[in-house]
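What follows is chain A paired twice: with chain B in the first complex and chain C in the second.
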Partner chain A sequence: MSLKSEHTKELHDLALQNSRIRRTKSVIAYAVLGLFVFASVGPIIYIISPAFRESKSLFSYPPQWLPNSFYLGNFKFLLSETNYIRWGINTFIFATGVTVIALIIDTLAGYAFARMEFPGKKIIFGLVLATLMVPTAALLAPTYLLVRNLDDWTFGLIGLDTYGGLIIPMTVSPLGVFMMRQFIETLPKGLFEAARIDGASEWRIFTRIVLPLMKPAVVVLGIFVFMMQWANFLWPLVITTKDETRVLTVGIATLQGQFVTNWGVIAAATLMTLAPITLVFLFFQRWFVQASMAGALKQ
Partner chain B sequence: MDLVEQNLSDPDWQELTMSDEEFRRARSRYKLRALVPVVGFLGPFLFLWSVFLATPMVWSIWLSFNTGGLIDEAKFVGLENWSRMLSNDELVRSLKNTATYVVIAIFVVFSLALLIASLLNSNKRGQNFFKVALYFPLLVPPIMAGMIFFFLTHYDMGIINLVLQAMNQEKLNFLGDNPNALLTIVSLEVWRGLGFWVLFFLAGLQSIPADLIDAAKIDGAGSMRRFRKISIPTLRPLLLFAVIIALIFNFQLFDSVQVLTKGGPVLGTTSVVWFIYKRLFAFQDIGLAYATSVGLLLLVVVLTVVAYGFLGKKSENSN
Partner chain C sequence: MAEVIIRKLTKSFGDNTVVKSVSLKVEDGEFLVLLGPSGCGKSTILRLIAGLEDVTSGEILINGEIVNFVSPVKRNAAFVFQNYALYPHMTVRKNVAFPLETARLPKDEINKAIDEAARILELQQLLDRLPSQLSGGQRQRVALARAIVRKPVVFLMDEPLSNLDAQLRQQTRIELMELHQRLGVTTIYVTHDQIEAMTMGKRIAILKDGELQQVDTPSETYDKPANTFVARFMGAPPMNLIQGRIEAGVRQFTFNGDGILVTLNSSQMGLTDEVLSLQLNAAVCLGVRPEHVRISTDLSVEGVSGKVKFLEPTGADLFVTVSIGIQNVVVRCPPKTPMQIGSTVTIAFDMTHTHIFGADGWNLRRSN
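Presenting the complex of A and B:
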């Protein structure tokens, strides 16, 4: 009896020690995680302070963390002296346009590559795959020249300073087609065969069976494309020359003066731009998180 | 009697049978008709792909033997661009800067992301909060991330220097000195990209079967050992994919250079794409930009193949 209880005590001590180690470990883990959260979110939150201060107060010493009074001059300047609203509308049209067109052509092509038989399928798919790793920046010059020349051919629909010229070249993404094909391949084959025997057309199979099942994949790809274009800078910079056709990224970059920069205005513009996307993000966070985890799971 | 034979001997049935010629024609008509939906489904993408991806690709190779074409007519110059490219000091510098940036950024981001992902994987409480918080910087386009970084690292106005000053420390020159400027640009990419790769690796870690880890625990493998012997080998195909994506993406460094340093100080942060952009639209050395574009394309393709061979082989060995 006594031996047994001694044994139990020993075990109990060990367990206690173990749980203490585990607790220390998890305290350290959460401290490290907290540090990274601070580093991630801190800089974005800090931008609120300079947005509500006059630019010259930004250089004051000692550092001023909070604005003395809510100075709204930066926002007023942005709305009255710049084309900020127009840039915002352009960004929205640009990113949404690319997303909608890319989703349509990618799901259609993904279905063709996954479930249709036609001569030359392997060769065409191989060619498309070969362009998967082409860095878009390397095609800047020929794409620019192409869009400029297309102006006459498309009656001004695709050209410099047009939505068509801005949107259409960005819709082509072999990665999107590849993702959609991979997803459709995972759907059970019997589904398609049953429908085909019943005499359903490919279009009917696609709209009635495939599309409803693809909803998660479509949302993931949609978020992915939208976020890429929302952040896109180089292409809109090159293809737009007038202030009214600029998007937010390009417009805000022009606020940075050659000699004197109105930093308060830049902070206000950054804040105003990030606010709506943050709201969208917080609302649909589950989907956003899923979008970047999906890539890993598909492997 | 066999049903088929019976049918064949039936005069009605024989009348329905086509002659060879008719059959051939009907077959090709059927095949052509079966192609209609294929054209409908594949056509839109394939058309845009050939106009806006395949054509520019082929065109860029032709352009690399030309100069001009933006304001004036293009002029064929043979190999001149390519020979000038190989001896251009600024380009060599840009390539070095970009390579340094890519190597440090990928190394730092991946190490930190793996660390955070495994911390999150073993500490489940509040996981969702951390996921969302770490993802947050990804919403910020690089241009605006650059602006935010000004408010942190500007020599006179940056909050880091203001705090250092308040603590009577010497101010740091984040953007006006080498190699600080390039490191600041690297840290912007680390800041922005970390959350994405954390989620990416976390998904990978969560796909490792729990009994595999439990078995290792019972066998007395410590957490470091489990990480090295189980997590890393399982993550290897994922790592391959990640390295390739990050290579392609990071070699196109442009936005943060344009907004933070404009390539300076003294070419300390010029990148390859920045070099191309400047030649195309500012310094107007267009031929050199054409050739460099093709060079960048080739470089990324070669690096992808190398990464594939290197990591792909290792993952085969470990299986």
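Presenting the complex of A and C:
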């Protein structure tokens, strides 16, 4: 065999070896990713089955992953025998209220911290960031007391078992302020200066220049806040005592009895609660990509 | 249109003083260029005039009125930014309309002003495009349109051509000058490009480390540089600066620069013997531009002999670097001049265009 063909064979073997290594690597990568997908999506898939089955058949052996019937009794029970619709409306008001107010506060504060000069700016921003270090649980009791005492001061607008009490304490988010400030800082300084030379006031610069340019970031923050508040459990649990003011998360928790729990109903309630938020996420998904790209692209 | 005066203008950022007591008068309708290397404070002066920075000390007057504490818009100065600073989410029309809408002008007036600006800058076809759909030159024209639409009394331009390629830069330079001729608005133009400064400015103000070095017409700054900095900064290749001392000769003073002996004819140099005598034995610089040095391969010609070190043909000229002892002198020759590296040549200086810079670096002609 000539030297040339021997060399070709060697190259061929090397290529084969490389492709095997690549294949092994991708199998491992997929296995790890698969594990993560299973851990995150598994529980959601798991609740689909019991939601469409009767409670008595839930604990059959072997466990049934796919329902063998299309039983809608759990949903019917939920809508007719519990306050589910009320909880849903409350959750929507709560999550939307927090999102709208938080976005207003975060974008305005972010603008001030990013582009305005005022005494103590660095210290105040440091304090805002410092509040990130305080665990939510530590704030629970003082916030509860504050809201309870505010009842008289605000003529019942902010208090226990009120929308005000539910919404207002959750609108303060240092992370949102930080995110908005960071985004505004990425906008070219020249734009603000050009607008100032053109005679625009700070309010006009904010509304006509900054807000339109930071739309992707605002949408992303809005979705984050909405999703977080839709799934918020702790604060609504603390601040609401009546069924009329409860939100979905707390309402579903009350479905669990001391001795008997109707898991089929709980699964149906969980499924119905997840549906709108999943739709919201899917609808706005492209904004996430835009927002994450925003800083990377030069004007 | 307006006259702009700055008096003892100083700007500090913390401990760092970037503009040091600069005084300058820009005549009504004048095109003044602020020229200097990066970090010399030229853009800061422009920003101070615009009101984008607060003055540390000194005064800025526009049309006789002190504007130190007047808001940018009330100064009625338009600013053209280096990176254009167009609003990326607005069309060209919206960009140009923005200052007028902010001033709450009636719609038909705004449309009229946009149409006029678009006609002057040939933007009619681009009015509905976004800035991202425009070329660099087109964006620059939109930035100019946004500036002129307000009918400002002063144009402040911060290196507006630096983002354009060489060809477009030259073309836009001509357009800017035409615009200035047409509108006659007082213009202060910042650049670090001396060609831009020489070709555009009626006068040039040269800055170094926040201090004004010279304010003069382009030809004066080139022919009679105030100091060694201006001498080196203006012109490519820069002026030859030869270190040496002034010595007393039999009848005249001589310059001795490590092997370069030059008899100084004070009257030819626009100096007096008194001025030269003050610099006797002091370390001075003799400055002469490459085009004012004669070169000859004939060694019998009177002058200083040296060796050809480099040849730099640029097409229009041939630059010959002659080494004399430790000194190098660049000479400009016609392009086809026969020269060889290593050959011995004689050089002589045209004394009417030769300068002596004193120990402090300033041209002795100025103290004359």
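Everything below uses one rule, namely that the second predicted complex is superposed on the first by the 268 of 299 C-alpha atoms of A that agree within 3 Å, B and C clash if a C-alpha of one lies under 4 Å from a C-alpha of the other, contacts with A are read in each partner's own complex, and residues count from 1 in each chain.
One rule holds in what follows: a residue touches a chain if its C-beta (ideal position, glycine included) is under 8 Å from a C-beta of that chain, and two chains touch if they have at least 3 such contacts.
Bear in mind the structure is a predicted one, so any value in this text is a computation, not a measurement.
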Request  = Go through the superposed model and pick first if A:N83 touches only chain B, second if only chain C, both, or neither.
outcome  = neither
Inquiry  = Looking at A:T245 after the superposition, I want to know if it touches chain B, chain C, both of them or none. Which is it: first, second, both, neither?
reply    = neither
Request  = With the two complexes superposed on chain A, say which partner A:E193 touches: chain B (first), chain C (second), both, or neither.
outcome  = second
Request  = Examine A:T270 and indicate which partner it touches, taking first as chain B and second as chain C; both and neither are also allowed.
outcome  = first
Message = Just to be sure I read the superposition right, which of the two partners does A:P212 touch: chain B = first, chain C = second, or both, or neither?
response = second
Request  = Return the chain, chain B or chain C, that is in touch with more residues of chain A.
outcome  = B
Request  = Would you sort A:R204 into first (chain B), second (chain C), both or neither based on which partner it touches?
outcome  = second
Message = Quick check for you: in the superposed arrangement, does A:T136 touch first (chain B), second (chain C), both or neither?
response = first
Query = chain A residues touched by both chain B and chain C?
reply = 299
Note = Listed in rising order, chain C residues that touch chain A in their complex are 50-52, 72-73, 77-79, 81-89, 98-99, 102-103, 146, 150
Remark   = So, in the complex, the side of chain A touching chain C is made of residues 188, 190-191, 193-200, 204, 208-209, 212-213, 299
Chain A - residues contacting chain B, complex = 26, 29-30, 32-33, 36-37, 39-41, 43-44, 46-47, 50, 58-59, 61-63, 104-106, 108-109, 111-113, 116, 118, 124, 127-128, 131, 133-146, 168-169, 171-172, 174, 177, 201-203, 206, 227, 230-234, 238, 248-250, 252-253, 256, 263, 266-267, 269-270, 273-274, 277-278, 281-282, 285, 288-289, 292-297, 299
Ask   = For chain B, which residues are in contact with chain A within the complex?
value = 34-35, 37-38, 40-42, 44-46, 48-49, 51-57, 59-60, 63, 69-70, 112, 115-116, 119-120, 122-123, 126, 130-144, 147-152, 156-157, 159, 162-163, 165-166, 191, 194-196, 199-204, 207, 237-238, 241, 244, 248, 251-252, 254-255, 258-259, 273, 276-277, 280-281, 286, 289-290, 293-294, 296-297, 300-301, 304
